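This is the structure I have questions about; it appears just below.
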Amino acid sequence: MMAGDGTLALAALLLHATAFLVLAIAAPLRRLGRPAAYVSILCAAGSLAAAVLSWRAHTGEAISRLVWTWLPSEGQTLATVGVLADADSTVMLTLVALVALLVQVYSLGYLSDERAPSLGRYYAYQSLFAFSMMGLVLAPNFVQLFICWELVGLCSYLLIGFWYERPAAARAALKAFWITKTGDVGLLIGIVLIWRHTGTFDLTEMRVLAGNGAIPLAGLSVMTFCIYLGAVGKSAQFPLHIWLPDAMEGPTPVSALIHAATMVTAGVYLLHRTDWLFALTPDVLAIVVWVGAFTALLSAVLACVQNDIKRVLAYSTISQLSYMMAAIGAGFSGAGFLHLLTHGVFKALLFLGAGAIIHAVHSNDLPDMGRLARRMPQTAIVFTVGALSLAGLPLFAGFLSKEEILGAVLAGGFAAPFAMLVLVAFLTAFYMFRVVFLAFFAAPPAGHAGAAAASGAPHVADASHHASHGAAAHEPHEPPSSMLLPLWVLALLSVATGVFFTVVHPEPEFESPAWLMPVGVGSAVAGILLAWATYQRRAIDAASLAAAFGPIYRGALARFWIDAVFERAYRLALLGFSRLVGWIDRYLVDGVLNVLSAWTVQAGDDLRTMQTGRVQDYVYGIAVGLLVLLLWVQFN
Amino acid sequence: MGLQAYLTLAAVVFCIGLFGVMTRRNTIGILLGIELMLNSVNINLVAFARYSGDVTGMVFTLFTICITVAEAAVGLALVILLFRVRRTVTADHLDLLKG
Amino acid sequence: MDRLPILSIMTWAPFASALVIMFFARRRPLLVRWTSVAGTGVSLVASIWVYWTYDRVRAGFQFQEEFSLVPSLGISYLAAVDGISALMALLTSIIIFAGVFASWTTKQRSQEFYALLLVLVTGVYGVFVTLDLFVLFLFYEIAVLPMYLLIGIWGSSGDVRPQGIFGWAMGRTGVGTKEYAAMKLTLYLLFGSAFILVGVLALFVATGSRTFSFLELQQMRFDPALQSWVFLAFYVGFGILAGIWPLHTWSPDGHASAPTAVSMLHAGVLMKLGAYGVVRVGMGLLPDAAVDWAWLVGTIGCINIVYGALSAMAQTDLKYVIAYSSVSHMGVVMLGAATLTPNGLNGSVFQMFAHGIMTGLFFALVGLVYEKAHSREIFKMSGFGTMMPGIATAFTIGGLSSLGLPATAGFVAEFLTFLGAWTSDYRWWLFPAVIGAFLTSVYVLRVAGQIFWGPKSADPHFQDLADAQGPEWAALGILVFVLVLFGVAPSIAIGPVDTATGPLLRRLIGQ
Amino acid sequence: MTFETLTLLVPELALFALAVVVLLIGAVRSSAYVGRGPLAEVSRGPAGWTTLLGLGATFILTFTVREGASLLDGAFVQDSLALFAKRLFLASAAISLLGSLTLRTGAFSRRSAEYHFALVASLLGMSVVASARELVLLFVGFELMSIPLFLMTGFLKREAVVPEAALKFFLVGTASSAMIVYGMSFVYGVAGSTMLSDIPPPLRDGPPLLMLGMAILLAGLGFKIAAFPFHMWAPDTYEAASPPFVAWLSVAPKAAGFVVIIRLYLAGVGTAALVWTPVIAVLAGMTMVTGNLMAIPQRNIKRLLAYSGIAHIGYMLVGLAALSSSGVAMMLFYLVAYTFGNMGAFLVVQAVAQSEQSDGIDAYRGLAQRSPLLALAMLLFLLSLGGIPFVAGFWAKLYVFWAAVERGMYGLVFLGAVLTVVALYYYLLVARRMYIDAPERPEPVQVPGLLGVAIVACVIGVVGMGLYPAPWVTLAQRVASTLFS
């Protein structure tokens, strides 16, 4: 019999940790670049194996728990670290391990022009991320969860700012960190509150308590809401969604791994992990649904107007995450989790496909692309598979999970959110196929020769990065095999999952009406058709389509001013207020001190005038002293 | 009644002396004021001695007189010294040292 | 005494090396440095040894050494450590050991510099290991005074102009010069020590002028009225050194003007000395007053956290940012202590350690940057990360610890403090604390981003700057390692600390 | 007069003999021997060397005196306080002499006999004051002490400020002498006797006339110790006179004044003494405040030390204000610590003034780089005056505060402690000149050998007391306890 699933999961976790430590400490190795990458990939491969084994080894509802004391208090254990391997965590672990491995392999090709020390640094970050993400997935308690939660945020920061010499990347990294940190403030408060409320950090213990009804309900809503705030930040829910599109300044593989498949789903995962807790606070769950549905719609609209291929995908990620949130809010977190898994696969595929395109055309902008299917057919195929999955067509990965979510929201009794989500399904298909048609099939617009090697201002992350080497050979071409392989793996997985779920339809937790599937599929198909008509056939003028939605279109172009509001809040409120406090400190608080010391010095100076140098004044002093003494004697 | 009168006289003399010390502009005048102050002491001592029938006060007076003389001598010497160096004996002019 | 007087060795080894430097190392700069390394190395080994062999099961004060100094007044040299002071001694050792390396390139009058630095550190050790209030006070003064010369001679002037409604006063006091900073720091801290002295004397007299021994004083229960004002005296006195608002303004000026090793030592260790004083002397000896005044200590701590963070955000001078961040972090220390809960107190002590290391690291880095770029103006520098990746990485790690990122020591401290705050009598303390951590993330990363990340500066002064070299790596390496080690495995520190905070709390609220 | 009586008077007799000898040397040595080498050094200042040796001998002779004995029905006592004070006078005079022996400035070599005669005469006066327990004796002793001091102040008569200072000192001094004796007359009148031992019995009822006399006396004594507001003569006098003399002037007469205050207001008075607590406390507070504040703006080191000296008197008064055995003991300890610190500082001033021809604080620029040891010595003295651990001044302040805390005078102690910080401000300003500022000239400051010896003696005193205060504390406590037994 092989090792238990907990041990295997731990092994998967520690393999990445090993890779990180080796790369972090052995600086010479790291600076070699490729060898460092091989170390990391090797560990990732081992980790995937361990994760898969752990997943397969896991049976039924059994829970495998390994914990060690991390923080003592009053001679007792306050917090532990370890792994909690159960059905959900092992499958999530497998997803993380898989995408991490694929992305690491893919990056070998994608970042082939990176300087060696820089590449080494990249793989060190990748390993650290994979380790932290697995730690988050396997966290047996809130403390470890929060630790890893922050660590993945850190890795996100580091990897978004990987090309830190570019101001946009540096800015985006900061933005991402700060915005998610805002949510983390809530999460931290929530954890502290719930610890005080239940007396434990441990998820298993807390679940038992919840099952026994031993958790007092008073005030619980505040706590779950605080925890949800963390998820809002991490999983880019309105209004904290603004960091994710900017996070596209990072290298595309990073976007695939962190900002599509794994880290951003941590919020969803957290809510899924603690659904028994949220179940106690239906009011918070209602907020989750509404915010989810709203965010989904908002970002879907935003996705429609983006010209940057990665931004389209970023908004689509937000939209899909909100889908999952909505399902969880509706009380059926299983549906959300399922979508999380399938989404992880096909969104990674889409991002990596987008990366291949960017790699080829040295631009992120859709107008710089066009008719790429001829030059890079394999990419076109896999990308289309991804798009179909995202659109949720039958036989593709996203189909079933999306249907489940729609059903869940409906079953939860949220009609309006359901309608919004259906609309989102339509928009999703539309914007995805807008990308597909514009990039692969339609002719590039006049003035754009196909590739952006000559484009004046390559202002977007990967583009400018690749422009440096792309100037000589600007003919788009298929990516190298190290990039193609992961693409195919993911594409096959998308299809396989889709087929698998179509064939083996799992028993849903709820009853869905029969009209649900046609509506879902229908809206997706409608979206695809609209995109085809607009961008491929050009039967409908895109400009007049936009004009039809005048205010919404203009608002979407300005990202509905949400970024601007945050920017203002940061500049005016925070920095302005801090300047005020700084001024107060320097010129009032410290000023008072200076006044006191100046007075002291001044007092000395003033007293000096007493010392006139005239001897009779000295006698005067004595006389006055004498007089005072005599008065004292008189009146004592 | 008797002692009280002497004491009052002494006090008045003392105060006149002190007043002189504080107001005379000439250093010699200040010296004279000090002499007055010291002499008021003598009145006091003698009066106390007389009324308590104790001779110690008288003896004390003798000592005081002697010392007063010594002080006057030193004082005048210093005034002469000052006059030699600074060509002035006005107290108000002595303000090189101050602050 | 049958065993080695390990605490005395630890305390006096730097002093001995200072003497060696003073008398034998004239115009031999290398000998000066290696003597310092040897002296502080001995202390480091000794403090690690003490820390390692400290018996956690037995707990209490260990490694006791005692001999009578002035028997008629009950003054004796009484040295012993418990979990808290052992950790603090370890912190001191680490910081000074790194500090010696960090100031390796001091050129001007290095003999005197190292000698004074080592004398200073003897004072710091002394405060941490001594249990005689009087001797503690002696060491306290030694730890403060050399600062005047250290800043005055080797410091650097800042860029503060007298302005505002109190501008006239600031002009008179000479704001902005290193001499001003040195004088302000020294006098402010000595002003604090005046409060401490009065408090110590009051307690001494209350014992019937019999003893200054902490162990004996601890057995007594002083009159509540006396406790009350003496606690306030200690709080103000030690609190000034701990940078409590609004008595903190010596810290930014002083730390910004001080030379690298001195800033490291001062912000890293000496401020802890203040907090340590409040916890050990204030709370340890005056339990009733500590409970009564907890609201004040904690509230001021909260103000410190938020106010310090906002002030730090407003600064344009790199050293001032770090200095204000110290003010903010010391708020966490005071808040943790004021919660009067096991977790809060553990967090407080842990924060003393964590902040010591991280701020030491920060000042070492700022010193390096300044040495190479000759600038502290944040918004003039840009993109140094490409030229000095090592420094940039270390700065980022320090910054992350500062904002309480998990896997660094800062997180554990803040987390424990948060737990403590929410379980204390004043729950709302949690919110300023958490917000402070968030604000920290804003200003720290903003600064790190401005200086190290982003496009490379076009300024001709900022081209071809070197990364850290040789001994400087030693300083950075030690500090980063400790920061991460204690973040990943906090029980190394919490274990012994826990044995000391438990009994202290039981005295406070247990009964 | 029996032989035993004479043995009790040995120190005074020795001083008297010394005075006569020095006077004779001055008379004989009219034709100056001019030459070179060590012989010339000695011959140029035979009076000085004789005085130095004589003082040493007298110091030793004080140990032959039977402690606690009294003469003339208790009018003259050689109790431990008296002997303690006399040794302090003699030791400080000797240190001062070491500093002034090397003075080459005109008058000191030509008329050294006069100077040294005055010094010995003043010492004799102080000795009498220290032992006197009778008003007439006390007054005569005071005058014997003071009049030579006026002369010594005016000794360097060619400088324009010197006669001014001397005359000011004289006028104010004589006026306060008049007050002292005026006060004494009342005391005598009420007590009916000039013996101090006869004062306490009537004091218990506190007759107004007696209180009046005591108050006037206190004002006069306030002048001697330079307490606010009777202190104004001090800075001017210190500034004009030669530093070694000032070093002594700032210590010995004040010690004498304190001895008298202790004898008049505390010793044997019992609880009635507590009447004076508020007065002395207020006096102490005011003196500390003005001394410390007025020292801040000074640019002349001698004036600065003068004001700081006034502040120190305030601290001693804090000890005195406790009006307890320990208070007196701590004040005496303070006196010794102050002696070493203050004299040492003035001797360094002498060294720098000789080399730089300036008393300005600016003359100390970069001293640490020019003469590191001299700067270190000055730093130690200043730190001692500032009350920093491991040098004498710290213990002094601490003990004084402790004595006051025992009486519950927290306010005064707190004021004193805070003012310590103010004091450190101006001391550190000097330290800043020495250590932080760059030197204007590179060459070291020349320190004559004897002056160096004197400075080293003070350093030893300051550091020794700082590191191991216990014997001094014991001594002070013993002295104080004999007064209160």
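A, B, C and D label the chains in the order they appear, each numbered from 1.
Here is the rule we go by: contacts are C-beta pairs under 8 Å (C-beta built on N, C-alpha and C of every residue); 3 or more make two chains touch, one makes a residue touch a chain.
The structure displayed is predicted, hence computed values, not measured ones.
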Practice prompt. Moving only to chains each one touches, count the minimum steps from subunit B until you reach subunit C.
Written response: 2
Worksheet item: Between subunit A and subunit D, what is the gap in Å from one C-alpha centre to the other?
Response: 78
Fill in: Where subunit A and subunit C are represented by their mean Cα positions, the distance between them in whole Å
37
Fill in: Distance from the mean Cα position of subunit D to that of subunit B, given in whole angstrom
26
Worksheet item: Hey, how far is the Cα centre of subunit C from the one of subunit D, in Å?
Response: 43
Worksheet entry | Set of subunit D residues in contact with two or more other chains | 167-168, 171, 175, 179, 235-236, 297
Fill in: Sequence positions of subunit B contacting 2 or more other chains
18, 21, 30, 94, 96-99
Discussion item. For this structure, enumerate the chain pairs that meet the touch criterion.
Written reply: A-B, A-C, A-D, B-D, C-D
Worksheet item: Within the complex, which stretch of subunit A touches subunit D?
Response: 600-601, 603-605, 607-608, 610-611, 613, 615, 617-619, 621-622, 624-626, 629-630, 632-634, 636
Worksheet, complete the sentence: Per the touch rule, the subunit A residues reaching subunit C in their complex are 69-75, 78, 117, 143, 146-148, 150-151, 154, 157, 161, 164-167, 170-171, 173-174, 177-178, 181-182, 185, 188-189, 192-193, 195-196, 574-575, 577-583, 585-595, 597-599, 601-602
Worksheet item: Which residues of subunit B touch subunit D in the complex?
Response: 7, 10, 14, 17-18, 21, 27, 30-31, 34, 37-38, 40-41, 44-45, 47-48, 52, 54, 56-57, 59-60, 63-64, 67, 70-71, 74-75, 78-79, 81-82, 84-86, 94, 96-99
Item to complete: Sort out for me which residues of subunit A touch subunit B in the complex.
Response: 608, 611-616, 619-620, 623
Practice prompt. Mind listing the subunit D positions that touch subunit C in their complex?
Written response: 383, 388-390, 394, 398, 401-402, 405-406, 410, 413-414, 417-418, 420-421, 424-425, 428, 431-432, 435-436, 469-470, 473-474, 477
